[in-house]
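Shared between the two complexes below is chain A, which pairs with chain B and chain C, respectively.
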Partner chain A sequence: MICLSKNDQGADLLASYLAKTLDAPRRAELDRHIQECADCRGLASAWERLDEFAVPAVSPGFDARLYARIAREEARVLGWQRWLWRSIGPLAAAGAVVALVAFLQVPQEPDAAKPENKIEIEQVAQAVDDLNLLIPIDR
Partner chain B sequence: MEAVVALERDAQLMLRVRAGDDTSFGLLLERHRGPVVHFLYRMVQNQAVSEELAQEVFLRVYRSRERYEPTAKFTTWLFRIATHVALNSIRDRKKEKGHQSLDDSHAETLGGLERQVADRQPTIEQEMVHEVKLREVRQAIEALPAKQRAAVLMHKYEGLDYAQIAGVLSCSESAIKSLLFRAYEALRDQLAHMA
Partner chain C sequence: MRLLLTIVVSAALAGPPAVAQDNILRQKQLRQQKLGQQKQPNPKMVPLPAPAVQRFLQMSPEEQERALSRLSPERRQQMEQRLNRLQQLPPEQLQRLQDLYPAFTSLRLARRQAVRQEIQELRGMRPALRSDRLNSDARDFSPEEMDILRRVTGIPDGQ
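The block that comes next holds the complex of A and B.
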């Protein structure tokens, strides 16, 4: 027995039954059941009543209004991006200039600290020491 | 590469939108405009509000294009956005003015429906009967808790399956089955006198 109320596919069964897409044996079975079961008969009747809920046609200007909204929104986003660029762009440029100036103003390390200069000084000191060795001690 | 080939058409279109192809966005809009607006209309029961919300949905889709990944079916993703937008709107409207009277939007709805049935030229009596029935259906749907309402609308009118609705509402499939059935039982009870 198919009872819509006792079937977890009840809503789909009802839909298929009324759309006449159920296979013949099941449809015949449900036909018989609906004759006997007031609950299921009521369900079938309610489903058919819902067909009376017709809808008005979509307004002709619907698409035009939508595209106008999209265009407005895109223009707003573009405007916001431009504003952001105009506001932040000069600030970013100014920041870059300040950073460059600051970099140029930083005192350079003394030459002596550079490794190649350090080696050169050591070599000179060594040479002076060598010269000292050439001078007789008892002079 | 195989995964890309196997992608559903909507997901392929959305990937093209992500790559900057606005024509594909137009195709997606063409395919889903109706279902999204109609779903939202039945959720909030007001044409102007539903179209405003639908615009918000497609705007969000467009905004998210660069982050889009085809991890779920496109429809599931789309209806998740639509449901989120609708539930927020319902919550905000409840906060603003309490329970909204159906009568506020009734005239507007009838205006829309009038256009649809104009060719059939029903009698005044038929129109009145239709109005009463329609009002009762609208009231029955509006009386459902918002999540149940969303599930019913996706299942009944948009043809989403259990798995997709579960994806939209972030629930398990079994939870959706029972949620839907409770909703249909509530509708049956509300509409019983109309049978």
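The block that comes next holds the complex of A and C.
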């Protein structure tokens, strides 16, 4: 059976049939089938009409206009992006500066809370203890 | 503050002029003397060998106070007393500390603690017994540690 709608190779068969490259026995078989099968007849006539469709001629300068339009569209997008960066960039920089200033202005913990200072005075006290301990004993 | 000072000085000058001027001059002299004592370090003073202590002594009174305030009251009092004692040591004893302290700090931490304990033991003993104790110490302490112990006790090797 050569029904185009029920054959996995239907599209290829039809293309070959319309291009007249199909071998004679199969072409004859498909001719017969198209006379009998309404679906395949409709399909074949639709394809034939597509082939008959006259492609309008491309107007002169079409490519140039198309590329110019693409370039304009890209420039518009880039311009928007630049504007966004120009607007947000300074804002982001200002925000960063404000954050830095805020960080630097945050009241630091008093020296007493710093462990290194605590260690330092403990070191001094320990050194004083050791020096006292090492004072030669009076005999 | 300036206004207050002006009022005080004016009030002082309001008395008999000669007496007031005399008082002011005497006060100035006293202040100059005190400042001179505070600013000029004793040229004969041998610096303490511990850099941390020396740094502490070079701090301003306010900085020293801030640092000391981080210690407990008992620890602070103890440190102040011991520091005073060090500052009143005669130069020859300070000189001996100059040699002893670096030798002591060159010991490993655990050995430093052992030497500390031994010196405390030796300090608590009667002088007659120290020599025997030192001789028995030779088993537990290195020659460098023994040298420190002997120099602190003033007992030379072989006694």
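Basically, the second predicted complex is superposed on the first by the 76 of 139 C-alpha atoms of A that agree within 3 Å, B and C clash if a C-alpha of one lies under 4 Å from a C-alpha of the other, contacts with A are read in each partner's own complex, and residues count from 1 in each chain.
Keep in mind that, in the parts below, a residue touches a chain if its C-beta (ideal position, glycine included) is under 8 Å from a C-beta of that chain, and two chains touch if they have at least 3 such contacts.
Everything numeric here is computed off the predicted structure, so don't read it as measured data.
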item: Touched partner set for A:Ala94, first chain B, second chain C, both or neither; value: neither
item: Which of chain B and chain C A:Asp129 touches, first, second, both or neither; value: second
item: First (chain B), second (chain C), both or neither touched by A:Ile121; value: second
item: Partner chain in contact with A:Ala64 - chain B first, chain C second, else both or neither; value: neither
item: Partner chain(s) touched by A:Leu84 [first = chain B, second = chain C, both, neither]; value: neither
item: Chain B versus chain C as contact partner of A:Ala15, first or second or both or neither; value: first
item: Partner chain in contact with A:Arg49 - chain B first, chain C second, else both or neither; value: first
item: Touching partner for A:Ala75 - first (chain B), second (chain C), both, neither; value: neither
item: Residue contacts with chain A in the superposition, chain B compared against chain C; value: B
item: Residues of chain A that lie at the interface with chain B and also at the interface with chain C; value: none
item: Residue numbers on chain A that touch chain C, as the complex places them; value: 111-112, 117-118, 120-125, 127-137, 139
item: Contacting residues of chain B [partner chain A, same complex]; value: 26, 29, 33-34, 37-38, 41-42, 47, 51, 54-55, 58-59, 62-63, 109, 111-113, 115-116, 130, 133-134, 137-138, 140-141, 152, 155-157, 161-162, 174, 177-178, 180-181, 184-185, 187-192, 194-195
item: Chain A contact footprint on chain C (complex, rising order); value: 48-50, 52-53, 55-56, 66-71, 75, 78-79, 82-83, 85-86, 89, 93, 96-97, 100-101, 104-105, 116, 119-120, 122-123, 127, 130, 148, 151-154
item: Chain A to chain B touching residues, read off their complex; value: 4-5, 8-12, 14-15, 39, 41-43, 45-47, 49-50, 52-59, 62-63, 65-66, 69-70, 73
